[in-house]
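Shared chain: subunit A. Partners: subunit B in the first complex, subunit C in the second.
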Partner chain A sequence: MVDAEITENRNRKISLFFTKASLLVVFLVVSVIYSTFIGSVTIPVQNIASIYLKQIPFFGNFVSAGYTYSQYEIVVLIREPEVLAAVVVGAALAIGGTSVQSVFRNPITEPYIIGISSGATLGAVIALATSTTIFGAYSVQFLSFFTSIAVVFVVYFLSFRTGRVPPIYLLLTGIAISLFISALVGLILFSSRKLQNEAFAWLLGSLSGITWQELGLVTLLVMISSLILGTIWKELDALQMGEPHARSIGVNVEKTKLIALTVTTVGVSAAVSISGLIGFVGLVIPHLARIVFGGSNRKVLPMSALFGGIFLLISDDLARTLVHNEILPVGIITGLIGVPFFMYMLSRISRGNYVS
Partner chain B sequence: MKRNIQIISVIVIVIIVGGSAFGIEHYLNNSNASNSSKSTADTLTPVYNVNVTEANGTVESFNLSNVGGYAYIPSPQNGTWDLNHTLSRIVTLIPSVTATLYALHSYNDVIGVDQYSVYPAPTKNVTVFNFEIGSIPLESITNLTPGVVVDTSGTFSTQQLNQLVNVLHIPYLVIDPGTISQIENQTTLLGYLTGTSNNANIINSWMNYNIQNLSNDLSNISSSSEYSVFYYLYPASDGIYTAGPGTFINQELKDAHLNNIVNVTGYPVVSAATVANANPDYVLLDQYTNETTLNQTIQGLPAEKQNHIVQIANDDFFSEPNFRIVYSMYWLAEQFYPHNVNLSDVYSFNKYTGLNLSQQPGVGVNS
Partner chain C sequence: MSLKLDHIGYNRGSFSLRDISISVPEGSILGIGGQNGSGKSTLLKLMYGFYRPDSGRIFLEKKALSEISTREISRNIAVVNQEISEPFNFTALEVVKLSGYSRNDETISPLEAMEKCGISHLSNRTFSELSGGEKRLVIIAAAVYQDAKIILMDEPTAFLDVDKEERVKAIIRNLNEDGRTLILVLHDINLLNSICSHVVLLKEGRIIAEGKKETVLTLENLENAYSTRFRILEDAGPYKFAPADYKLM
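On to the complex of A and B.
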């Protein structure tokens, strides 16, 4: 009788999880499709539908083109990569946030805390200041990716204490190095007022101008890093309970932290390299996933990705449509939405209704 | 130590894998570019030479450095932009270029302008881009199917430029003249690009004729009796923005026989103390700078106490680098040397050039 109740209860929970997850997936798919229909240029719905059908291999040959070439370019070359980039970048930031919060056992950390953002900014500003074309049109993206990883490496290396990397040292070193690099960035920017304008757009985050080429590569890196994080969800759960607990159940704490931070850095750095700095997704979304799906990373990691993708997609839609014929930096929108939500969440934490 | 080596190895591998992936992508794109003229070129290298084949078969060559500019073009070959036709369907995000195209009788080729392009007043067929607080959506530009986007740098991010040029295959031309001779070059270049070279020559001739006349009118003013001025553009957190040597504004002042107290080139920020030390006879205030926002040190200057503050009446003439700065020079000279120069001394544009612009280029200079 008790076994049956337990089984029934478990089945009900699984069913509820799949229902919620399915709803999220459906909402994401609908949001993606809807997002390609909106923009500063109004394109008839049937034309966008034709453009969609035209892109299907083989089948597309039988679809008559009732649209103009510029409409095709707008949908396929501008809107589609931007919309999908919102999903990928949002997912990467949210998964990164989940990972970092588990490693640090700290609900107010995010991937940027370990030096990803300052490193990426330094790389982008150097690329802009030197006008380097070492990697063609993608030099800014490449350098921000490269320096971001390098800075996290320095932070990690400097945090070493007798063969261990205590989270508190990692956190403080991350903050200190980030401040140091911010000063360097400030110095570079101060030298050129023209550069300030260019860097400003990057610092506020934007998904405008993302191409299929860079999106493909970033998606690959984000997928690999996310899958690796997914395979160590148990270890992350254990770390969330504290390092002594994790050790007591046989988790190799240092190895888990190294893997988690390395793949998080790769995934988030890749995302940030094409989007610039987008705040609050990595901080807020993991908490949202925990509120809805509970505390285990088995659910929180994939669900954070869905929530992150949806959140950034909606933010980007707002950034593209709030002001007619203008694009606002998406980082502003995420901040405007993220802060009130974060404050609400903090109030819930203080009332004891939610524990990360 | 062993652990450190392991960590370093892991991170180096990650960097190499990530870097290689970017590199492979870069390589593949370049390979594609060489195989197809319509594929992604994957570079944003500025091009400085442009060759335009005019309708009569004449090839006009121009170095874009002569207008302080450059171009990004799809699939650049040997650093030269070869145009086997004159440009049409122009999106211009620079008011000075818009005005020049109108004067050249090429305004029919303009399909989009920025919100500051108020001369000439945009027609119904021209899309006006307002981008006060954000950037222009590329899809709005793509929708116009432009032949070129003319701009000063800074409107688009590098990522947007890459998409504009390499993905959407729209040439991007930057023009940023810094001197009066570069303003004339700008007119010449736009004449080449739109097949109106003769009109460009006439406009430049009109400019030179009037500048020479102004010089003659002011010839009896010796350098020792010239007024010294400080141009107050707008306040910055660490001083005041102004214009120094190497700018067309400085040249406007010079041609109006005014002595700019600033000797730092370009558009520097100078401290209020520097201005106080130079003690200018007059403060020349930008049209959009409110006198009440003047820095306190400036407010204490003898020039301020004597009410020697002259506010630019119409910034469109004074700070837009095109042929209309002639009116601005005369306006300035009239303010300081009214016995020598009158604004009405500017020789009529329509009469001199025969271009018969329906919207007179000098209207509004003193209002």
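On to the complex of A and C.
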């Protein structure tokens, strides 16, 4: 290949990437706006538009209020946090999946596998069972967040073998500890039928009722964790080639795994603490991003966040609208869409078409 | 850049390497031979710090390997491992580029490295879809791109067809002529004889012979190392040694 040809090829690839990425961003923004229009109460579009404008600092003072106060409350206090939570949680789960799949070099892993889901559930169930109020209204969220981190911590340290944490031990320990914790959760739930009902909603995952305060804190944690993961994309790429190879090109393998797992756990635990268990996003979305954008984490990390946000947002819209006057748990929808999509993707991989 | 192993010991369960001392001559092609399970690949992984020895020390130039950062080691030692995981949806070029992780300056581009190995036409292909031999060449090109003075290779010619085996041998010779030191794990005695300048023979985790290949590759040493009787073939080109009256037990 001649140099000019290489440069041209490169430029074409870069502009193709930006086209695809911009389309995704536009699609996300449109979906976010559209999603606030949907709900059990019908609010005229022009009213929602003026509610939006009203929220813009300073500029909002000049907007005349053509809406009722209850419409304002529905949009600002219910719909907006839910819609944005869908984007943040979806992004966190997808980025977490990308990171964990790179660390384990395994396409069928997801962040939950290292103990996040079982730990978060245990925390939530304990909070529900004991009606803890030490953290005020957010006891379920706080306890699920910290228990999840604690469980991953235990899994990590039980996986140490002569100064290293081999992925296979981490994976097996994660699964074993998760089963153990699930049994504990089962034991606690067995004690009370009332508790079973409350925990049921949490286990299926739901985005309704999220407050701005919770969302703000979680968004901050997810952003910090995602930015840190973004700084180690090269190391995560190298880990996919196997640890002996990654080490030989100069990557500090153990440090990379520790950083990746720590920040992934913080980001995903934060997301799960307000959403409950939403499955499949962390497993499926990273692959979608790799099919569309190629395998390097430089692109897969940010693009899986976009895909994850869009996917969960659309799933939540469906959860709110599929059944009249009933909000389905969004975890059910992600499973129902996720599984067929995953099967389709598997067939693509097996035909050797896993290329951009 | 010199590499020196000083009384290395490494124990893992029933397997151990004992009292391994090797001084790798600069600019040589050092072959490590021995039976399956004699510790060849483990020794290679010790040489770039992937495993840590339980006793003894490894010196890169004058510094102990355990005191040098991973990045610094990789600037001086490149490795072609035998087993490579398949990354998700990477092109061959992306795999080669990864090996520039620790480099400060670019003396050779990833594509040039691929060209040197005769595989620039594979640059945009998906790595996981390549054949085993093509993958090996991509990893060798990655090591070339890493541009280290010492290159370790674990069975670089295993499972390759004749054409690719010859190409890998040519690449090894070229790298050596450029002034690089190569350390190769090879189970094939005739390859040890045809491409190496120096040979270390391992048996059950110990060195049984070491030095220039002419002095090490004797019938006596080979029979000791491989527990098989050999005979010398006359005028058979690169094929000098063959098993003598081999019987299936």
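In this section, the second predicted complex is superposed on the first by the 353 of 356 C-alpha atoms of A that agree within 3 Å, B and C clash if a C-alpha of one lies under 4 Å from a C-alpha of the other, contacts with A are read in each partner's own complex, and residues count from 1 in each chain.
Definition applied: a residue touches a chain if its C-beta (ideal position, glycine included) is under 8 Å from a C-beta of that chain, and two chains touch if they have at least 3 such contacts.
Source: prediction; values computed, not measured.
J.: Of the two partner chains, subunit B (first) and subunit C (second), which one does A:181 touch, if any: first, second, both, or neither?
T.: In the superposed model, A:181 contacts neither subunit B nor subunit C.
J.: Once chain A of both complexes is superposed, is A:294 in touch with subunit B (first), subunit C (second), both, or neither?
T.: second
J.: Quick one: classify A:220 as touching subunit B (first), subunit C (second), both or neither.
T.: So A:220 only meets subunit B here.
J.: Considering only the touch criterion stated at the top, classify A:241 as touching first (subunit B), second (subunit C), both, or neither.
T.: Touch status of A:241: second partner only.
J.: Which partner does A:163 reach: the first (subunit B), the second (subunit C), both, or neither?
T.: A:163: touches subunit B and subunit C.
J.: Once the structures are superposed on A, label A:107 by its partner contacts, choosing first (subunit B), second (subunit C), both or neither.
T.: In the superposition, A:107 touches subunit C alone.
J.: Once the structures are superposed on A, label A:141 by its partner contacts, choosing first (subunit B), second (subunit C), both or neither.
T.: first
J.: State whether A:201 touches subunit B only (first), subunit C only (second), both chains, or neither.
T.: In the superposition, A:201 contacts subunit B only.
J.: Which partner, once the models are overlaid, touches more of subunit A's residues, subunit C or subunit B?
T.: Of subunit B and subunit C, the partner in contact with more residues of subunit A is B.
J.: Check subunit A for residues that touch subunit B in one structure and subunit C in the other, and list them.
T.: 163
J.: Which subunit C residues qualify as touching subunit A in the complex?
T.: 45, 48-50, 52, 70-75, 77-79, 81, 83-85, 87-91, 94-95, 98-99, 101-102, 111, 120, 123, 126, 128-129, 139, 142, 146, 152
J.: Considering only the defined contacts, which subunit A positions touch subunit B in the complex?
T.: On the subunit A side, the touching residues are 39-41, 69-71, 73-74, 77-79, 128, 133, 135-138, 140-142, 145-146, 149-150, 153, 156-157, 160, 163, 194, 197-198, 201-202, 206, 208-211, 213-214, 216-217, 220-221, 254, 258, 262, 265-266, 269-270, 274, 319-320, 323-329.
J.: Which subunit A residues qualify as touching subunit C in the complex?
T.: The touching residues are 1, 6, 101, 105, 107, 163, 234, 237-238, 240-245, 247-252, 287, 290-291, 294-296, 352, 354-356.
J.: Across the complex, what residues on subunit B touch subunit A?
T.: The touching residues are 3-4, 7-8, 10-11, 14-15, 18-19, 21-23, 25-26, 29-30, 40-45, 129-140, 142-145, 153-154, 156-164, 166-168.
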